[in-house]
Every structure is written in C-alpha cells, then in structure tokens.
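Right, I'll just put the structure down here and ask away after.
For clarity, chains are labelled A, B, C, D, E and F in written order, and residue numbers in each chain start from 1.
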Amino acid sequence: MPAFTAIDHAAAESNTGGLVWPAEGWSRVPFELFTSPEIHEREDERLFRGPHWNYLGLEVEIPQPGDYTTCHVGATPVVLVRDEGGALRAFVNRCAHRGAEVVRRLRGNARGFTCIYHNWSYDRAGRVVGVPWEKGRGGAGGYDAAFDKAQHRMRPLRVASWAGVVFGTFSSDAPPLEDYLGPAIRERLSAVFARPVTVTGYQRHTIRANWKLLYENSRDFYHAPQLHKFFGAFGIVQPDQAARAEMWHEGTHCLLTIYRNPEVRKQRAKLEEPRVAAFRTALPENIAISIVGIFPNCLLTLIGSAFSIRQFRPKAPDRFEAVYTYFTYADDPDCLREHLFQNNQFGPAGYVAMEDAEVVEKIQARIALGADKGSSLVAMDGTDTTPERIDHMVSEANLRAMWKGYARFMGFAPPDGGPDG
Amino acid sequence: MPAFTAIDHAAAESNTGGLVWPAEGWSRVPFELFTSPEIHEREDERLFRGPHWNYLGLEVEIPQPGDYTTCHVGATPVVLVRDEGGALRAFVNRCAHRGAEVVRRLRGNARGFTCIYHNWSYDRAGRVVGVPWEKGRGGAGGYDAAFDKAQHRMRPLRVASWAGVVFGTFSSDAPPLEDYLGPAIRERLSAVFARPVTVTGYQRHTIRANWKLLYENSRDFYHAPQLHKFFGAFGIVQPDQAARAEMWHEGTHCLLTIYRNPEVRKQRAKLEEPRVAAFRTALPENIAISIVGIFPNCLLTLIGSAFSIRQFRPKAPDRFEAVYTYFTYADDPDCLREHLFQNNQFGPAGYVAMEDAEVVEKIQARIALGADKGSSLVAMDGTDTTPERIDHMVSEANLRAMWKGYARFMGFAPPDGGPDG
Amino acid sequence: MPAFTAIDHAAAESNTGGLVWPAEGWSRVPFELFTSPEIHEREDERLFRGPHWNYLGLEVEIPQPGDYTTCHVGATPVVLVRDEGGALRAFVNRCAHRGAEVVRRLRGNARGFTCIYHNWSYDRAGRVVGVPWEKGRGGAGGYDAAFDKAQHRMRPLRVASWAGVVFGTFSSDAPPLEDYLGPAIRERLSAVFARPVTVTGYQRHTIRANWKLLYENSRDFYHAPQLHKFFGAFGIVQPDQAARAEMWHEGTHCLLTIYRNPEVRKQRAKLEEPRVAAFRTALPENIAISIVGIFPNCLLTLIGSAFSIRQFRPKAPDRFEAVYTYFTYADDPDCLREHLFQNNQFGPAGYVAMEDAEVVEKIQARIALGADKGSSLVAMDGTDTTPERIDHMVSEANLRAMWKGYARFMGFAPPDGGPDG
Amino acid sequence: MSGIGPGVDRDALFAIEQMNKAYARCLDDDRLEDWPDFFLEDGRYLIQSRENRDAGLYGYILYFENRAMMRDRVTSLRVANYYNLHTDRHLIANVDIVGAADGVYDARANYAVIQTDAEGRSELFSAGEYVDRIVFVEGAPKFAERLVLLDTSNIVGLLAVPL
Amino acid sequence: MSGIGPGVDRDALFAIEQMNKAYARCLDDDRLEDWPDFFLEDGRYLIQSRENRDAGLYGYILYFENRAMMRDRVTSLRVANYYNLHTDRHLIANVDIVGAADGVYDARANYAVIQTDAEGRSELFSAGEYVDRIVFVEGAPKFAERLVLLDTSNIVGLLAVPL
Amino acid sequence: MSGIGPGVDRDALFAIEQMNKAYARCLDDDRLEDWPDFFLEDGRYLIQSRENRDAGLYGYILYFENRAMMRDRVTSLRVANYYNLHTDRHLIANVDIVGAADGVYDARANYAVIQTDAEGRSELFSAGEYVDRIVFVEGAPKFAERLVLLDTSNIVGLLAVPL
C-alpha cells in the first residue's frame, strides 16, 4: 500500500481495468490494448512491477565483483551488480534521498556508488553507507536521532539466475524462478548455455508500436514464410520440417523450436555470399532455430551461430525499446566468424527481421484512437487456448494462449459467454 | 455496440460530453473545444465516424478500374478504389486478420491487394479472397469449419459521388448524399464540374492548431480584408461588391460566393507580374471566388482558374493535416497556364493564404490548458444563428450557425437560458 | 465561475485534488507531484492564476511610455506595458475577439496594439479602442446596439512593483504585494536595487524536468558543496561561514543569504584566469551570495557583480522554461566588466549551475509513471516545517516548509496522523 | 558516378559552391532584397514536392518565371504578409556539377533548413535538393533555374521566405 | 590538428570529396545498384555503433566483407524485403584526409541522414561518422573500407538501405 | 554577394575550411585539451544568442577573453563538473571568407550540432553561425575571435562542452 492516495486513472475504473474481453473470446484481441495509456500504466504495475520475473542480463556480462550493468524493468531504471561475495544484486537506480540517478554509466565496475546530488554513498547492494553532514557540521543541523541510514537503500529486487541468465522481480509473490521458467525452457537454457558464451555487442532498437505487437509476432509461425521473403527469394531451404511450440506461465511464455532438416546437406542459396545464411548450427540437439519468449520482457533468439537476447522496454502505448545483447560460443572461433555473417539476418537491419519492425509500426499507425473498438482475429487452428504444446506451424493457438494469460495477469474480465470464457 | 466495453474517457462524462455551452449563447465559443483530448476523440466518433459524409477524393483521380487513392477519415485510414465494373469502393486500410496496413502506396492501380504480414489477399472491394494455410498444411492446422473467409473484409464505407466529387460515410444513418449536400452546393458542384478537370498536383500541410479554427476561418468574411493585405498593398481591386453565404446541414456547410465586379475591366495591380493576381475567371455564372465548406472534412476553393479541394485530417487537439488536391479545367490550355501563376496565392506559401495558418497556430499557442475556460466572441451582425443565407460580408452569423450545428452533432447541451438556447 | 462546465480532470477528483500527503509527513515528497498532468493543470489554476503574485519583469526594461515586454504566467501569455502616464499595465496576450495573439514581438515600444486577424485595436492597457466594421459596411451588418466595445478588453492583471521589480496577479484575493513579499525580501530588494541597474542580456533555458525540482533546488543548502565541485576543485574559498535562510508566504518564499568571509582577503584560486571567480562583491551589507525565491515563478540570484532574475514557465509536468534577465549596476564600469567574467559561473553553461539542470533532468527521467508512488526524503535537521528562519546550512527544514505551504495552496489533504499533519 | 574524376571543371564548381554559400547567407541574414540577384532576369525559381515531381504533376508551391515575380514576392513579404517571426539556417551540402553543355551547367546540392522561432527553439523545417541550371555572366554564376525539390512535402506551419 | 596546412594532398582530398558527393546522390536517388561500385571488390562496408566500438565489441549492424555481399543486399531489398517507403537525404560534412601511407588514405567525414516518410514528414534518422580507407584505382578513389560509426546507436524503426 | 568571384583568396579559404574540419573533429572526438590550440593566446571565444546580439546586449552564455580561460574550462569539465553523457556531431557548412584586411580574415560558417545521449538517441542540439576573425601564424590559421551566434537561444538541458 502506498503511503498516500495517488491520482490514479485506474482508480476510476473497475477492478477489471474497465476492459471486458470481446464476447467472441480469445480469438479476438482488442486494438485498445495497444493504444490505451491506462493499460500502459496498468501493465507497468501488474506485469513489470508485479509477480513476474523480468530479464536483467547475462552473468557473463558481469563476471567480476563490482561489475555492473544497467537496464529498465518496464519504466523503472534498474542496476544489476555482482557483489564482493560474487552474489548478484539488483536495485532501482534512484537515490533513496531525493531520487536522483545514482549509477550514471551504462555499465562498468565499481566498489560502490555515489549520488552526485548530495553525495550519499551506497554499497554494491544499494545500501546507504555514507551521508554527508549526517551528524551536522560545525555543531549545527544534520540528521536527528530518529534517522538511521541503515534503514535506507535503493529499492532492491529479488534476483535469481538460471544457466547464467539473470532475472529480477519486485514482487515477493513471484514463484521460484525454476517454476516460473518451467521444465522446457529450463532445459533449453541449460543446453544452450552448457558451453561458455561471449558477448559480441549490443543493439538498441526503438519501435513505434506497442511492445505486445512484437512479443506476439515473436511466436507467430504464420507470418514467417509470408512476411519474410529472404529465404524464399534466394532459394534457401528452410529447415522447418519439424517445428514445435511449448507454452508455460498461463501461456505467456513460448518456446519455439525448429529442427534441422537432415535432407539439407548443404545450402544451395543463390546468394553470391552464402555464408550469410549458412546453417552450420552450433546449437545442441540438432536444433536449427529456437525462439524463446519469457514473459513479460525477454526474448531469446538462437539461430545457427548467431544468438541474441532482448529486453523489452515499453516507453508509451505506441513506443518501446528493444535492447539486444548479441552473443555466441566463446570456445569456438568458427562461431565467432560465422555469427558476423549470420547477424546480417537479424536486428533492425536484418534480412529476416526488418519486416517485423515495419509491420508492427504500420499496425500501430492504423489503429489510432483504439481503431473504433475493433480487434484483431487470431482464429487459425480453432479457438483452443489451452495447449501446452503444438507440434506444427499452422496455428495461432499459441497466440490465443498468450492473450488469455495476459488478460488474467492484467485482471481483465474474461469474455462473457464466448468460447473459452 | 462494440463487442466489449473499452476504457472510454467519454464514458466518464455525461451524455452531453460534459460540456454545457456558455450561457451567453452561440456567440461564445469555448476555447476548450480546441484543446480537449476528450472532445478530439468524441469528434472522431460522432463526426468523422458518425452520420456525416466525408470527402474521399475526385473521380478523375481514379478513372480506370483498379485505380485507387488513399486518405484518412478523421483518424481512420481509408482506401478509395474503382472496381472492375467502374463502381466506387472504399474501405478501411486495416487488415481483417491482425490489423496491418494493406495498401502501402499513396495511390496506384491494382487488381487486388495483399497484406504483407500473412499475405491475406483482397479484391478491389476489400473482401478477403485468399488466406494462406486456410485448409492447413501437411495435414496439420489451418482454419476450422467455423471459419468462412467470405465473412471477413476490410470494413467498407458507403460511397456516393456528386458531379465527380466522392464522399464516404461509416454510418447507415447518414442521409442520401444529395440531401446532405443540399440544393445550393449541389448546383455549385454541378456547374463547376460541368467541364472536364485535370489534377495538377497535391499539397500536404500540417497546421499546429485545432482543425475547427481553420474550418471556421474558411467562412469568415470578416478577416479577409483585415488579415490578407496582399490585394490592398498591390492596389488589386477585389471583386467583392456582391457576396453571399448559404448554409446547410444545420449550418455546418457553407457556400461562399463572391461575384465579379463588372466595373473592373482589367486588373491595375502594382505587381511587376500581374498574372499572379489576374482575374480572368474560368468559373461559371460570373463567379470570381467561391469557397465551399462541406462538413466535416472538406473545403473546396475556387478562384480564377486555380481550384483546390482540401481534406482535413485531425491528428490531435492541437494539430491537423490539410491535404490539397489542385485542379483546373482540362479543356482550356489558358487555364492550365494561368493557374500556375495564380496558385502562388494559395496553399502554405500563398500570398493570401499563409496568414490563415499563422493566425490559427498563434491562437492555439495562446489557449493552452483551455485558456482558463475562456471563449471567443462571435457577435457581429447580432446573435442570430439560423440564417440559411447572408447577402453581405459584414457578419459572423454564418459562424454562429456552424457552432450551433456542431454542438448539436456533438451532443453538447445548449446554452441554458442564453439566446438561441 | 466559468460560464460553462468544462471537461475538467480535476472535477473527477475530490476537493483535495485526489492527493493525500504521505503519512510520514512533510519530510516525504511524492514523486507524483512531478509527473501528474492533473497536478500540472491544477497548479496553473491555483498557483499561477491563483491568489499569488507572479514576477513579470523589471521596470528598467520598460522605462518609456509604450515600452512593453512579454512573458508567461504559468501557461498564460502576458504583456507588461508602461502606459502614457507612466503606470504599469499587464494583460493577457489574447485577443478579446477570437483569441489571436495580439502582441507579436518579444519586446518593443508601441502607441497601442492591433490584432492581425480582424484588426481590432487596443490601447496600452489592453482596452478595445477600434473595431473594423463596427457599425457595418455599405449599410449592412456590423455589431448591433447590444455590443459595447468598451465592455471588451484583453484580460488585465493586477500589477504592483517593489524596488523596480514588477509582479502581477489574476486574483483579487492576493494580498498587497508588500505583505506578500514580507519584510526580509522587501528589505533585500530595496537594498539591492538602491543603485541603478542595467540589463545586460537574456537567456532562455528549457529543462526537461518538473519546475518544482529546480525551485526546490534553489534553496537547497545541502547540494551546494556536494554537487558543485568547481569551487573546491580550484581551491576557491567559499565565503560560507555565515549563512541564513528566511522563509515567508507559508514557507514558499525563501531568502538565502551567505555573507563574506572577512578572513578571505583575496582569492587564491588555481584558475589561470581568476577573474571568473573573483568575489569583489558589489552587494550591500557584506553579502557574498543571495538567492531569493519568490513563489511561484521568480528566482533572483545575486553573486559578486553578476545578478540575474528568472521567470519559471511550466510547459508540461516534465518540462519548463526558465527565462533569465541578467543585470548589474549601471553606475559602476567595474561591475559591467566583472559580470562578463563572473557570468561564466551561471546559466545553462555555468561552472556552478550546469549540474542543477543535469540533476533535475536525471531525477525526472527516473520517476516515470510516478515511480510506483515513491517519494523523496527531506528529513535533514529533523522534521520541523515551521521555521521562519534558519541560521546554518545543514538543514532541509526550508524545503519541508516549502512543501507544506505548497500543499496548502494546492488544497492537498495534509498527512493523516503524521508529524506536522 | 557523375562528378568524379578529372572531367569536372573545378573552377566552375568552386564558383558555384561560393554562390551557394552567398545564397545561404543572403537568406539567413534576411537580406531578401538581394535574393533575386542570384537569378537571370528570366530565371525561374520553383518549389515542388518530390511527391508531385515523381507523379509527373506540376504542383508547384511557388512558381516564379522571372525575377520580377521574385521582386514581387519580397515586396509582399515586406509590406503585405504576416508570417511567423523566425530565423532560418541553411545547411547546403554535396554541391556538385552533374552535367554541362553549351555553357549551361547542371548542378545539384542537398539542403536542410533549420528554423528557429522567436523564443529560440530550433527545428528541422525543410530538407531536400536544389536542382539548378546555371550560366556564367561576366564570370559570375547565375541561376537560369533553381528548382527546390522538397523531400519535406508536408509543410509545417507556412512557407513565407524562399528556401 | 591533422588535416591542416600544406601537408594535405589537395587533389586527393578533392577527389574524395567528389566521391562522397556521388555516394550521397547514389543513395538519395535510390540508385542502389550503383552503390557497390564505390568499393573495391574485396572492400568492406560496416555499420557499427559508437557504443560497441568504444566497448571494444563487434556489434556490427551490417557486416559486409566484399562487394558480393553488397550486391546481395541490393538484390534482397529489391526482390525480397518489405521496408518503410521513404526518401533519404544525406548531409555529408567535414570530409577530410587524416592519414596517408602507401597509397592508402585514411579519411573521415561527419554525416546526418534526414529521412522523409511517404506523407512528406521529415526527421533526423541517423547521425555519425564515416571512417574510411580509400585507395585510387586508375585515378578514381574506391573504398577499401567504409565504416559507418553511428552516434545514433538507437535505430528508430528499421535500417534497410545503406547509410 | 561577398565571397564570390576571383576576389576570394582560395588558399586562405582552403586553410580555413580545413581548420573548421579539424575543429569539428577535435570536439566530436572529445579531445577538449586540443581545443584552445585553435586560438591565439589572447584569442576570444564567445557564445551569444542572436536575440541578445540583435538587441545590442552582451548576454554571453560563455565569455572567454583568452586561451587561459579556455584551458580553465577544459580543466573544470574534466575534474569538477558533472554534465550529461553525450556525443556531439558537428555539421559545419557554408564556410566562407567575407572580408579581409591587414592579414585579418573575417569568416563565417553555418553549423548544426546533433547531440546523442548515452542510449543512442540523437537530437538537434544547437544551430547557428560561426562569426570568426582569423589570422595566420606561420602559415596556419588561428582564431583571433570565434563568436558562436546561436539561433538556438533556448538551450535545452545544458551546454557543457564548447560548440
């Protein structure tokens, strides 16, 4: 409970956030979800500051005590640090005194942190360790007996790591990370990170669309061959004969896996430089492509030797940033070399990625003012919303599952009378 | 009725939109009308998506089957197409599947349209004709029996055309276009478009003011000689001895007509290059100038041989775009030549037009936060609001008539006890 | 009372603006105060258009009849003029007809003012003196008998001046200016302006933070040596042995005074060019530095021979402009020369000022969405909020006093049960 | 790759670059009265959007066929028109000669105009290309035609002074 | 203060400035097919953010090791990729030679690209630096490497056509 | 049309253009320590808004009368001041000599500075004009005075490093 009643738009609404899902059910997604400022604020409270685990970084980014990196959990600025004992710490990058930014650089190494405004100093866990003029100065002023600096710190997050991928949450109600990730994603992370990885770079990407449009897109089998013509145009055989989607966390996580096509001995691309699309995959278990969406802010993409993990940072209903960390295997020089070529496929300029940004921005531009209360249609492969697993690509059931889970976490009223209500 | 209850600011307000007109009556116009986000949203629903006809384009822009042009009706993106049979079609440029933009170019010719996201294809009427993986793929997935693609289409508008000027509406309650335009405007359009016209260009204009400030300005006799000093400065005799304003559609349309002054044999401008202001008019009935405002989004300007028709596109309470289509008579080479010179008077750089943009932007900049609930004064020529016609220029009665009609269409409560209440 | 019920967010809230102060009391400042659009609007109504005096300019800027200067009082554009009789006049720069900007230049001299839109003309007090077509034209139209132009004017402000510093208010409830300023500030202004001053320039500064963060900063003793390292880095002895803060107007005004240190004979700066920090002060009473905050929009800074007075202009919850007027003594050439050097310390590029802009912008960037209802901590030197005077620098009591007064003026509910409730 | 190599007339290019600098100063200094002097008496000054040009339409925002029309424009701005108080700042880059025949040089340049309002706020106002036909008169280059080809076909506010 | 004084090879600098003008016209005119010709057959075209460069990381947004990869890019943009309809406008300034050895010139330039959408709205899309290695082939300069060093490491929307 | 025709000293102009390029690189590379070297020991560096200049007021945002003051500035930025982490990118255009007498050259140029924050977002930070007085010392141009005349008199955020 906040110490005061804030002016809160949500307060004006019912507990359901004022939104009742379309009667047609989970195969309809109201455009309002992508345009409403109230929903944007509610997501920050219920998803990013709620009982969910948010991706913060990779352990390999901060190997040494004092190494830190900064990010955002929803709208909240967060610092991830490794402390003296090697433990992972995370806290809100906002001074406990008057709210100034304390950690100013994107990443680095520090014994502790000092706020520039009044020089309060903090240890690596974000606890106050020094307060200028605490006991006064020249016998005057300073803090009174009631003030105990040990009671003050930058707000900490719970931190947990699995296979070197670090998550944090503001909520004590979030389940243990292992349960949150679920068995399939746990295994995939363990398998992928069984070998040492090295970070090869970062990429910032601002997309003028609601973050959920891209999060939905990332699990959308349907668009892959239709929107991304690169493979087809260059006669690149897509290794998609066996595909699978596995859901978890009320359907909001999604583990996509596409296995290698053993018939494809070598790539016969019409590319002058075929290395761009070469599929000598470095992945275990004969996996060609895997895309792992971990709700609400994480997207892991694994293709060939080019890997990336993205943090979603909503900035407004119609704008978000995706920050990529590119990485590959550190113990294999071929991977490093290959991923330089393969990365041309991904990111804001990628051969099979640029269209995703284009299409979600163009959707956003076409649904201003909530688009007259319209909705999108997610009805392929029936109206089922409760699959734990789909073994083919010809379905939107994994999208419906996501929306149903999202609506529950947001506290929206289910469709009245509709299917899957 | 929408299928779900959206978060709707308007809902919080009474049916009157929370606005009661100033007690002084229609001679006062609350500045709040130009600054309120709620009113902006309400206009999109009640005016642009309501029982009114919106200008979409000229038939001459799309002479051949498959010719199309794009525009906006309020905040909604719309495509105007001529189909196989030569009939005019209009639909919302938003995919029936997941809402992507389907028609990507501003204008062109097409057999049909295909959405880039999942390649749903549409005919020229916006009806779904193709759905990839409709019946599944490799025996898996696809849409179930309940799915009938014939039930899906991009939302159509009713379309009607008068004298080659094309209008559309989202509402089945809109009256027939002929009745909507009324006799005076119908006759004027018929007379002006009795000869073939040719489009000479387009012009986009972003004005950082509420769209109604310019719509009001376009019928405002009062400002013409006071704000626009070009004619006076160059001793150009204005042919304004006989002027008339004719209102329709609750006063929201306005047909301004200024007749030629027979005494003015030739222009005695002090311009070094008098062709800029030459008034060999190509208009019928000895008309020198005619400005036709067709509520809510259309403004037709006819002067000399330089004609233009504008579509208003509100973007925010304090910003709108006006898109001009310039045209003149196709059967008279002199007109084409003259209009090149005369057009220097109009548009964002025009000798007798630039001031309109300047003044409405400066009003907007001076009424932030609703200007402390102030209002503008529209009291010239009494307080009457119900003229169907004014035969002189010394009046603001046509403005009052517009505001009264606007308030009715918006469902605002009339002034309590004030005149014309 | 407005003539109509506007759509008013505030209306949806209780009389307390929906905000109840944190229970911990005035030593907590909710971040919501810096991010809420509703509070931004409420401030414009209750503070800038309420019973408070706002700084408008210096008399020396408009010595002659007809001299005028423009500014903003909150969101409202205001003109300050000296009339024929030498009296000071102020009015809203918004035409009484249809709201256009009347005075277009930032400053100048004029016999009167004419609006460009329909050429209504005004005298130097903003009273309508001319209305084109008032009596009609060619026997037609014009205003009817009920119209009396003498009843129309640009909205005037009450104007008062003390020691050449001019203030205005929209409210008849504001106390006499002398009482509003209080004895200490009155005396300081009288002493400082006892000698003739000359304006040496203007500076506009846009800060992407809430205006109150900088207004609070201006009285914050605590940050001075901690944030501003310039003096320390160059071994410049700060003349801070005797410091004092005197509050008035419910604690919202603050007069800071720092006296010269007699031991400091001459500056021993390690600056290659010590004139930048030279402290041959031109101020009376052995004052080295004085900073005077006059609520809500004025900040006077007096250091050495470099003086400036700032007007705060809130533009949005997260953005405001500060407009500086730089001045020094006119009767002392040394002052003019010195202030050229000393001014390098102040303003957006100043050696001891740039950090203030940096820190408040970085706070704002870290408290998006109200920062989860957090608050800043203002607890140094106890929790007392009612000092009229503090005689040392080691305190935040003057900040608490400001917040308590601010909350009262805004009509926010006091902390329930908390200290100083 | 026109404009590269020994082919280009370096003296002519230098003179044209200098003219563009003087042209920018003339407008940025608000010395509008000097502006027509950069043109031949029958020189043309045209502003057209790329959208219209690509569609094969006239759609000139300003269409001046001779210097007299330019002088009229300046006179009108000085004595008749009200427009936004502002300062323009021209950034002209990539000035080059792309063709030459019979003493007529085809030149192109990219421009951006940053406009600053009365309260000192700056914004990108217009970006596009100058497409010029230039002849030399007594050794000094003059515009036979300057076509301002607007990328920014969506004019924000108004366009009073020449680009 | 490299680049100042008699040291600089004015003819080489002129040729490099001309190449940059032609490079800008090529891209602004959407003549992408000509773009690879500015490079050697084994020339490299790299786009990297300053953030990655300063951190000693690769993080290339595009990594092309030879002209074949550039031709593939153009082919893909023409036949395979969907991207935002737009016009680019390059402002290239401060072109200079900062080093030269064995016929290889190290050159630098600042650039800003203003992008305009289909409805004529212009925005600053990208700003940064060109860091080039240039050699002359039959008197004409060619890029052995063009590194586009982005200040604007935060790409808004997408980056389809080369910078 | 000052600056046009045979009158201009092309070698001096070339040297001044080169100096402006080096000046931009120095600041964009954050080599602030080299910045005072572009000035004479008693050279002046002034930043003034057009608003103050036109009103006949000083109103200098920075007023440095000699190189010592510039060195102090750099020292302070390095050891004392906190300011926004950012990258500057200078676009300097229309560099020209507008007058010359007794070996002193009056030069002008238009500039735009694009500033990019730590997260790679770029914005136009400042636009205006350089108004210079330049002398040559041992063949190299030095600023006797550089007046940065701001169009952007409304500073957004803060102005720490020189323009």
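Of note:
We adopt the following convention: a contact is a pair of C-beta atoms (placed from the backbone, for glycine too) under 8 Å apart; a residue touches a chain by one contact, two chains touch by 3 or more.
No experiment lies behind these values; they were computed from the predicted model shown.
Considering every other chain in turn, the ones in contact with both subunit C and subunit E prove to be A, B, D, F.
Ranked by separation of Cα centres from subunit A, the top chain is D. Taking shared numbers over all numbers used, the subunit D to subunit F interface scores under half, which places it in the different class. A comparison of the C-D and B-D interfaces places the larger number of contacting C-beta pairs at B-D. Its interface matching that of A-F in over half of the contact pairs by residue number, C-D stands out among C-F, C-D or B-D. Work out the mean CA point of subunit D and of subunit E, and you get 26 Å between them.
Averaged Cα coordinates give subunit B a centre that lies 44 Å from the centre of subunit E. In terms of their C-alpha centroids, the spacing between subunit A and subunit E amounts to 33 Å. Annotation for subunit D: residues touching 2 or more other chains are 49, 51, 82, 91, 93, 112, 119-121, 124, 153-154.
For subunit C, residues touching at least two other chains, in rising order: 12, 104, 106, 116, 204, 206, 227, 321, 355, 358-359. A list of each chain pair in contact follows: A-B, A-C, A-E, A-F, B-C, B-D, B-E, C-D, C-F, D-E, D-F, E-F. Within the complex, the subunit A residues that touch subunit F are 104-106, 116, 204, 206, 321. Here subunit F touches subunit A in the complex through residues 82, 85, 118-121, going by the rule given at the top. By the touch criterion stated above, subunit F contacts subunit C in their complex at residues 47, 49, 51-52, 55, 57-66, 68-69, 71-72, 75-76, 79-84, 153-160.
Contact residues of subunit C toward subunit A in the complex are 12-13, 17-24, 28-32, 36, 38-39, 222-223, 226-227, 355, 358-359, 362-363, 365-383, 391-395.
Chain contact summary for the complex, subunit C toward subunit B: residues 2-8, 12, 41, 44-45, 49, 75-77, 93-94, 96-101, 104, 116-119, 132-133, 136-138, 140-144, 146-147, 152, 155.
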